[in-house]
Amino acid sequence: MKFSKLGAVAVIAVIAVYIRAIYFTPIEALQGAAQKILYVHAPSAWVGLYLAFGLVAIASVLYLWLKDPKLDRVAASSAEVGLLFSTVVLITGPLWAKPVWGTFWTWDARLTLMLFLWFIYAGYIILRGAIDDFEMRARYSAVLGILGAILVPFIHLSVYFFRTLHPMPVLLKPSAPSMPREMLVTLVSSFVAFTLLYVWLLRERYLLAVDHDAAMGAHS
Amino acid sequence: MQPSVLPGVLHPRRAPGFVASTLAIARKDMLIELRSRSVILSALAFAVLALTIFFFAWDPTAVAPIDLAPGVLWVIFTFSGLLGLHRSFGVEQPTHAMDALLAAPVSREAIYLGKLIANLGFVILVQAISLPAVALLYNVPVGAYVLPLIGVVLLAAVGLVAVGTLFSAMAVTTRLAELLLPLLALPFFVPVILPAAQATARLMSGRAVSEVAGYIELLAAFDIIFLVVCTLAYPFTLEQ
Amino acid sequence: MSLTLAPGDCLALFGPNGAGKTTLLRLLGGLLRPTSGSAVIEGVPLPGGADVRARVGLVSHQTMLYDALTARENVEFAARMYGVSDVGAAASDVLERLGATSFADVRVRLLSRGMQQRVSVARAIVHSPSVLLADEPFTGLDAAGAAALTGMLAELRDSGATIVIVTHNLDEALALCTTAAIMREGRFVRLDHAPIPARDEYTALYRELSADAA
């Protein structure tokens, strides 16, 4: 695979963030070194939950409207990359939870939401694999992509009826973020680096889909 | 006036109304089910078997049946519902009867809603039998709160059937067919089963109806939004 | 390819498998959208709305019947889908015309393929369509059934319906049609308006035109 400029930038950014996270960001007093997982966990959740899923939903709506195969490829690529990042969230979550909460898995609202998001992504990809016809695959997955986006807030609401252990996302708090400045800078840069990583992977996956469709003789 | 095709015979017609065609499709599906009884019988057999197995899967001295009952009830509703939903568009498959429906002058939304009404009928029938069965066999006195409980059950049934009918339409035409339906539908059942089971548990432990109002609102919101969205989405699953 | 049919015309479409006959028929039935070009029924471009679909009857090579229901219930359901006013009378009438009265109240599952085919045709014409699209309507019919169907289709044609038949049965189709076409790879390779060459001559032609297809 040709390594694009975007890819190089994304990888360098991620490496830089981790050098900073490991060597130049203070260790959290209560949680110790385990807290450093935050810099993988939180940006992955940002990409998996908001960026990737948002793009799937938007590309799906646009596909049903414009019927442009490019939009279907964007949605499919975003779903696959989104599945990757959600998997990272689901792996880093328990790794972090074990030393801090004393258990690998809890049916905490945010973890549960992420798990179901993962199921929706997985269902989306399995659905695509079960249809041969290009046009039908695009229509079905667009419908599922849109319904999934509507489902997420409902899962969110229903799991919130359970008590949650999970800290509220520190960045989105309306008051001043409750985190030392160095940590915050590292966290924000990890978001930027992961966003770049997402855009790069999305582009590579999209180009792969173009090649694949060209090889299958499908629409241009 | 249309030309008569058969000499001397014309069967007068006008475009069938939305409600009339919806009900005709629902009636047709119910008639098929009445004849074959495949959905009702398999769903009921499943319900009774699951009820028995669940009872013996737990140690009755450790977990009181009344604590078990809400979970058992909703597991039974979920999976017996899936059994019926799969047949919904499955009955159109063997002879490509779907082509005839699509070639007829009925709106696509009426096809979806007709199927939905029939499915709702099956699910409610299965619930009407398994709810008393659970109450009886698990020794849960439901008399005091039977109306709010029925309300929760009905609200949940609408939500399950709304998304389930749409996914049934999609799943039957894929290579995985019925295997795909639970995979697609179950994540969508979560925001229905979760509040419904919680509300059931609270009602069964004697809490006031006002304490479950939040769950009921959540169920109602799910029903309204997914009924509308799935009705609008169904035509997009069809070849145009 | 381009072709216009008037009321009372009957087009027979022949061609080897995969020639696009069924696709053309599905397109006319409003089940497919043309990727290029256009098809028009009574002035409305396809796929039209419910108005156009109401005027078309469709016989597919699948029976499109529900096998748990009786013949009559199937036909009555179709009549309801097309908004026929007196559903019961219309169903009895078409079933009788197709010689299906004796098994009208038997579940379709228990009927032979030939009997099912008659019910399937009854289903397609219960709403008095002005255009009838028939894909292999002779499938599974014995000689008597085929003769009954041919007579029925001739009656339809003479009363002013437009009929399109896709078939491999040259004999029945040539007896009925006013226009005959041979399709290959999605286009007409031969188009004859009445008078169509005699049966033997046309059979030879058809063999020749479809032979080198593979």
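Chains: A, B and C, in written order; residue numbering restarts at 1 for each.
Assume contacts are C-beta pairs under 8 Å (C-beta built on N, C-alpha and C of every residue); 3 or more make two chains touch, one makes a residue touch a chain.
Quick caveat, the model's predicted, so the values are computed rather than measured.
Peer 1: State which chain is most central when centres are taken as means of Cα atoms.
Peer 2: Closest to the centre of all protein C-alpha atoms: chain B.
Peer 1: Sort the other chains by how far their Cα centres are from that of subunit C and give me the top one.
Peer 2: For subunit C, the chain whose C-alpha mean is farthest off is A.
Peer 1: Please tell me the distance, in whole Å, between the geometric centres of subunit B and subunit C computed from their C-alpha atoms.
Peer 2: Averaging C-alpha atoms per chain gives centres 37 Å apart.
Peer 1: Hey, how far is the Cα centre of subunit A from the one of subunit B, in Å?
Peer 2: Using C-alpha averages as centres, the distance is 33 Å.
Peer 1: Quick one: subunit A and subunit C, Cα centre-to-centre, how many Å?
Peer 2: Distance between chain centres: 53 Å.
Peer 1: Residue numbers in subunit B touching 2 or more other chains?
Peer 2: 239
Peer 1: Across the complex, what residues on subunit B touch subunit C?
Peer 2: Residue positions touching the partner: 2-7, 9-17, 20-21, 24-25, 28, 31-32, 35-36, 91, 94-97, 99-107, 239-240.
Peer 1: How about subunit A: which of its residues touch subunit B in the complex?
Peer 2: Counting only subunit A, the residues touching subunit B are 64, 116, 119-120, 122-123, 126-127, 130-132, 135-136, 139-140, 142-144, 146-147, 150-151, 154-155, 157-159, 161.
Peer 1: In the complex, go through subunit B and note every residue touching subunit A.
Peer 2: Spelled out, the residues of subunit B in touch with subunit A are 163, 166, 170, 173-176, 180, 183-184, 186-188, 190-191, 194-195, 198, 214-215, 218, 221-222, 225-226, 229-230, 233, 236-237, 239.
Peer 1: For a test of understanding, state which residues of subunit C touch subunit B in their complex under the given definition.
Peer 2: Within the complex, subunit C contacts subunit B at residues 7, 26, 29-33, 47, 49-51, 53-56, 58, 60, 62-69, 73, 77-86, 89-90, 93-94, 97, 107, 123, 125-130, 132, 155-156, 158-161.
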